[in-house]
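Since the structure comes first, as structure tokens, the remarks are kept for the end.
Which chain is which? They are A, B, C and D, in the order written, and residues in each are numbered from 1.
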Amino acid sequence: MIEALVIVIVGAPTAAGLGAWLADRRLATGLAFAGLAASIAAGVLLAGIVFTRGPVRAWDGLVVVDALGAYLLVLVLVVALIALAGSPTHLAHEGRVGNFLAHDSGQYYALLSWFVAGLAAVPLLDNLGLVWVAIEATTIVSALLVGFVRTPQAIEAAWKYLILGSIGIGFALLGTLLLYASSIGVLGETSDALAWTRLTEIAPRLDPGLARLAFLFALAGYGTKAGLVPFHTWLPDAHSQAPSPISALLSGAALAVALYALARFHLVTVAALGPAFSSTLLVVFGLLSLAVALPFIVAQGDVKRLLAYSSIEHLGLATLALGFGGHLALLGLSLHLISHGLAKATIFLAAGRLVAERGSRRIGRLAGSLARSPADGQAFVVAALVLAGLPPSSVFVAEIAILFGGVQAGWGPAAAAAAVILALTVAGLLFHVVRMSVGPPAPSGSAGPSGPPAPLGERRSPTAARALLLAVPLSIVVIAGLWTPSPLADALEQVTVVLGGGRG
Amino acid sequence: MSIASALAGAGSGPLLAAIAALLGGSTLAAIAPRSRLNPRGLSLALSAVACVAIFVLGMTVVTSGTPVGARVGTVLGFALIDGRYDSLAGLFLIILGAAGAASSVFGIGYGAHGGSGTDRTAAAFPVFLASLALVFGADDAFAFLFAWELMALSSALLVVGSRPDRDVARAGYLYLALTHLATAALIVAFAILASTAGSTSFGSFGQAAASLPPLSRDVVFVLLLLGFGTKAGAIPLHVWLPRAHPVAPSHVSALMSGVMIKAGIYGIVRFGLDILGAGPEWWGLLVLGIGVASAVLGVLYALMEHDLKRLLAFHSIENIGIILIGVGVAILAVGDGATALAGIALTAALFHTLNHALFKSVLFLAAGSIQAAAGTRDLNALGGLARAMPVTALAFGIGAAAISGLPPLNGFASEWLTFQGLIGAGGEGALSLIARSAVLLAVAGLGLTAALAVACFVKATGMSFLALPRSKGAADAGETDRTMGAAMVSLALACIGVGIAAGPVSAAIGGVAEGLVGQQRTGVSELGLVAVPVVGINAVYSAAPLAVLLVVAAGATWLVGVRRRKARRSATWTCGIVPEPAFEYTATSYAKLIRLYFGPILRPAREVSIELHPGTPFPRTVRYRGQVSHVIDERLYRPLHRAAVGAAELVRRLQSGSLQLYLAYAVAALIALLLIAR
Amino acid sequence: MTIDPGTARELVDACAAAIVLLGVGLAATRSIGRAIWLVAIQSSLTGVAALGVGLATGAGHLLIGGILAIGVKGFVVPLVLGSILRRSALRRERHPLLGPRVSLVAAVAIVFVASAAANGAVLGASVAASRALPAAIAQVLTGLLIVMTRRKALSLVVGLLVFENGIALTAFSLTYGMPLVVELGVLFDVLIAVVVAWVYARRMLDVLGTTSTDRLRSLRG
Amino acid sequence: MIDPIVLQRLVPGLVQAALTLLVAPLLLGITKRVKARLQYRRGPSVFQPYHDLAKWWSKESVESDASGPLTAAAPAIVLAAVFVATLLVPMVGARPPLDGWGDLLVVVGLMALGRFVLALSALDAGSAFGGMGSSREVAIATLVEPALLLALAGAALAAGSTDLGEIATLGAASGISWYTPALLLAAAAFAILAVAETGHMPVDNPDTHLELTMIHEGMLLEASGPRLAIFMYAAQLKLVLVAGLFAAAFLPVGVATSLTPLALLIAVCAALAKLIGGAIILGVLDASLAKLRILALPGLLAIASIVAVIGLATRLWLPA
């Protein structure tokens, strides 16, 4: 039964993608939605099984899904749904502005479906080598998506994303190789030498030198994919030039998937060398990401780059939490990833609409967006307040848990530094949000016509549906900030145990 | 988790539920679409009733002394609302109840004048009240931080919601950013305490603080002072206050000045005295220093303002300074074991907190009604409103006399107690010589503040209400409607009432102080007087009899001398020229002498441009522009801001666009890792 | 057919030496056309070395891996890159960030650093460990050097390929290569990467008119 | 019958009240007379102020048409404030007439109340002179009050309480040992401030009507008839209040500690002697000093503050 679910989760979007590649716009949209719907159904079912009955195995160990894997699967699929639901409106605008032709939307939905399939595969795979292959595949597919719009900036962003991403992830392959070499020394050349389930068991007997080297390379490799400073340089360009649904998927899910892979390596290294080595590195890189993202957020002019750097900052915080370890910090981490995924996806869609309507990304020219387009403007402001970690949002709860857990785990000074940097970053973020939402609407000589529906027959989804699309995820995050339903609490608890946080 | 697992007092459980229901109802009412029934008014009415309930709860807790508690909802293992209202929290509930009720009632009328901002943000007002009530009772670190941030967010929304234009947005942003920075300090301090205590409840923080090594106890104290000091608006953390308060609608400014900045005071008292316990002497001296600085600089800058609400905002800083002087002496005394002195000083501070909430609210509400009637807040454009707006004039006058610390009103009673604390500390043997000298210098500081406050409010009252109106708006201003009048008059009467009943009120507050520092010596002697033992011998201020005697003496003189005589009215003597409003002193000229006397601190700059009739030596127009440099803003915040933006620009050059350079970063980082971390 | 381990070792050593030489050549050359062929040969050599060890140890996946490496990286990739080269006017790396002489010196220096690192590393013994590891590490570093010092998009792809060869050689020399499934995955990813690079190179020519990365510096801050 | 304790406190109180009310204008007369004599002029009789008050009292009251209700009410409040303040200061008996109602801080507070209402009513007429006088009055007060409180704090610390009755009783009882250097320095500071507070040279010239130099007079410019009389009488009463405060805190010799008529008589004589002595000194100062420029005032009042601070420092750091 598990095998069937796994096939549907990964297979459905892939098949839909193949179909969509050739189909016209309307059929492609239908196929993409169908594929994702099937995948979500199977994914939720699988996650339910895992959370109620514990980890499952399939194809004698090729696929193993534990609580962490199920949690990530749900995160990926939910963010994918938000991104896909936002695509029709976005494509309608891009079509009107003439950035790409009608037949392209078929390719867009195909690539999007493959991208989702790749992301969904990662949490299911047990073999770290295959995890690497899946992540590399998502990188390349998303490279095509980042450069989907034929503008010079998009090409530049995609090119950098491809080259830096491939080289960066090459280091991760080296890390996987070194781990494989050390595990062969213990297990001999068996098929599950790279299975993280087996690896955590035999970890104490691994060669410490190799394990240390392996983690360093993995940190460099998956750090690139997760946007950790100084490997982050591709992220602001890629996330800001990509179509906003794709940015939503990249920021919301792809970064989390990369962090998941890094977490697997971290768990193995902790089992092999004890927590000191890898935790210190994670804390250092977490703090570095927080610190370097700060000036880019404070002195930023482009709204999408602002959101990209906010992703770097949030992933820095997540890495920090992973480094802190301990029950409270990891519980905060698990809540933080899902909240960030939802909120960041929503804010990218809202920002995308505001930019599309105003025809400019400059924060200065976007002033008065609350007055101009209340629905998207309000969603943008609420999402920004949620991301900033102001009370009614679960990001606030997660941040408090992470900082308190950090001090409890003995990382007092690091937690203090993180708290200050977070506060400064929030100050910077709010400055731009206030500038954008309030203030007199800038003179309306905007380039982007927001007039009649797309001439190419591209139909924008009705405004009520668009507003609902933005409202639902935000309300989830706000409610999660006020009350943790028991199933969610239980799931987060299991994820924390897997991450090494131990019982509450 | 029952809604209110009341710790004690059967009556208070349902009261908590009632308050929650009322505030919830008013939030929904505010969000309701524009129905025939005015949702904004309904929401404010419900809020007013809720505030009355809060006031009653506060009274029951303070008088009965039995704490009341409620624990609702859990988020990720933390308690969302975990209230435990002991007598200290009860006192702050009383303050919230009184000021909140008056502001809500005022808001109803004020809204009709279109002065209180868009309807959407009206929903934030009840949330703001609820968060204030939660902050004062929070007994758990997370619940406290949740309420604290919610308070900041809802008040920021109210500030920005009033008028969506650029400088309002900037003021709202600066406020939210600085409060958030202060909260970072709080989070770290709570984290340190929680990790040593093993739990996030404030109850367990007490032992945890005791077991902390001295250095980290000092770090925790400084962090808490930073966090709570910013919310209280003490110098040098005050920059947001004079920008945010004047911009908010008046009934919100009244609540922010009257109650919200008191959350900072509540925090310092709760942690400085209740949880952290005795500390080294420099703790008390630091708070005392901040208090004196805030008091003197606050009132000095207030004197130089001619925007009425900015003037009142700076005065909030001054009064926070006076309160912190009391708290500083209390912390100093607790540190050195002089509990009697600590009792007096803390009672003085808490009493002044109550008084400030009353008279500052009435002043802000009056300023709101002036703005609604005359259309401007600029003192140089007001004048002569007493005839047109007698109710507002009377309320503002009483508020002004109270804030200037004139007997027999409430402001004098608490300042008198603060002076007793200071002079008592000067004579207290337990304190070190340095502390006693500092405290006596604080006496001079407080005296200076009182005198400057008198000057400032003679200016404010005189320029707004007396003589001839200086602008058309002021000339045809009419009295505000009844609800606003009622709110103002009720608060003014409260100032007089508390002033006269200073004995019993300070005895009750003494009970609250006793709960914290173990001893209080403000008793009520036989004639309903306030007896305060300073170093053994009683010093007495009997408010009630003095008030009666003053009224009788003044009444007698008035009857004998003035009433029967019919006064002939004729033009004011202005050396024979027909008098015009232009001859009158304006707010700027009134403060000129003080601006010169305190030149070194204020560094006034002025610019006079005279434009002559072409070809003749006769001036056509004389333009005067003077302004005072706010030394802390110029010397501390502006350079900091410039350095931060400069550094940000510098770091942003890292992302220079060259692919090759990006790869070089990555490779360099990897090599560094390989070399260092092997 | 199997060959005895002795000759397998000589074959591997020869391939390693050749690969190092090709690497140095790649670092020095300024003509993109020649660079493409050099990298194609280098990839094929890694395939040959894999075949050699596969035959010696009878490991099936090494054989398949070797053949596929030769096929994909030896023939398909050069064809793809060649098609782009024909369309773009510039055939030479006019002024790379490092002059030819300096990059030559750098390449040689890399070889020494790599051999020092290889011997220094405490690694499990395996039949091909003797000469392949330093060569592998050298290719990884040379690949990075090329990407960091070239301006043309195609040169960057060549650098990427050298980097991938280095990693494949490391994999094969450290642990007789990865499990088959992973080996195939890696090859598949390299192939798609090159195809996508081809797509973007072509789009660069259409939109920007040149494949030089100097035009790709507009996204800052 | 009234029991003796109440009697004991009531009699000195009534005597003091009567004394202060009656002698106030006389002190002003003596000051003016001394000043005139020193200027080789005959000068008006010492009872001239009584005649002036009577004259003003019977004149018609003229109000500015710009003024509001405050102008009528202000004189009553100012006089009441000063009068109640005098009842809190022990001049005849060791305990003040209103014993247990207020201490020296309440006296300072009542003086501030008087100043607040006077300064406010000065603005009501809308003339520049009223504004000028009022702004100067409050500006000088900001320089006077801190030093005043420091000086009085010196006396309070000497007696251990801010209650004037306690200070006077202890001062009278401890005889010569009461006059420690610290107390003398506080007394000196208080003396300088007393001059500023009562509006005499070198701070303010009470006799001038030159618009640009008058401070206290400037505020009364618009007052006329009974209102002017009340304001002037309040000013004279304030002179008695300040002199009495000085005597009670720093020169408590000859204060009646028991009810015997003899002690009462001595106390009254001592009080009269002190008040008249003070008036004479003020007269001498008026004649010999020139008026300081308004911007130079901080210098003078800084001296007073420093003296007060030194007084407190000697008390703390070098106790006898």
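Keep in mind that, in the parts below, contacts are C-beta pairs under 8 Å (C-beta built on N, C-alpha and C of every residue); 3 or more make two chains touch, one makes a residue touch a chain.
Since we're looking at a predicted model, the values are computed, not measured.
Contact counts per chain pair peak at B-D.
A separation of 36 Å divides the Cα centre of chain B from that of chain D. Chain centres here are Cα averages; for chain A and chain C they lie 31 Å apart.
Chain centres here are Cα means. That of chain A falls 78 Å from that of chain D. Centre-to-centre separation between chain A and chain B, using Cα means, comes to 44 Å. Chain A has residues 159-160, 163, 167, 209, 213, 236, 296, 299 in contact with two or more other chains.
In chain B, the residues that touch at least two other chains are 652, 655, 659, 663. Which chains touch which is summed up as A-B, A-C, B-C, B-D. The touching residues of chain C, counted against chain B in their complex, run 97, 144, 147-150, 156, 213, 216-221. Interface of chain C with chain A (complex): residues 121-124, 140, 143-144, 147, 153, 156, 160, 163-164, 167, 170-171, 174-176, 178-179, 181-182, 185-186, 188-189, 192-193, 196-197, 199-200, 203-204, 206-208, 213, 215-219, 221. Residues of chain A touching chain C in their complex: 127, 129-130, 132-133, 136-137, 140, 143-144, 147, 150-153, 155-160, 162-163, 166-167, 170, 173-174, 176-178, 180-182, 184-185, 189, 191, 193-194, 207, 209-210, 213, 236-237, 240-241, 296, 299-301, 305. On chain B, the positions that touch chain D within their shared complex are 384, 386-387, 401, 404-407, 412, 416, 419-420, 423, 426-427, 433, 436-437, 440-441, 443-448, 450-452, 454-455, 457-459, 461-463, 465-468, 525, 527, 529, 534-542, 545-546, 549-551, 553-555, 557-558, 561-562, 565-574, 579, 581, 583-585, 589-594, 596-597.
Taken in their complex, chain B has these residues touching chain C: 652-653, 655-660, 663-664, 667.
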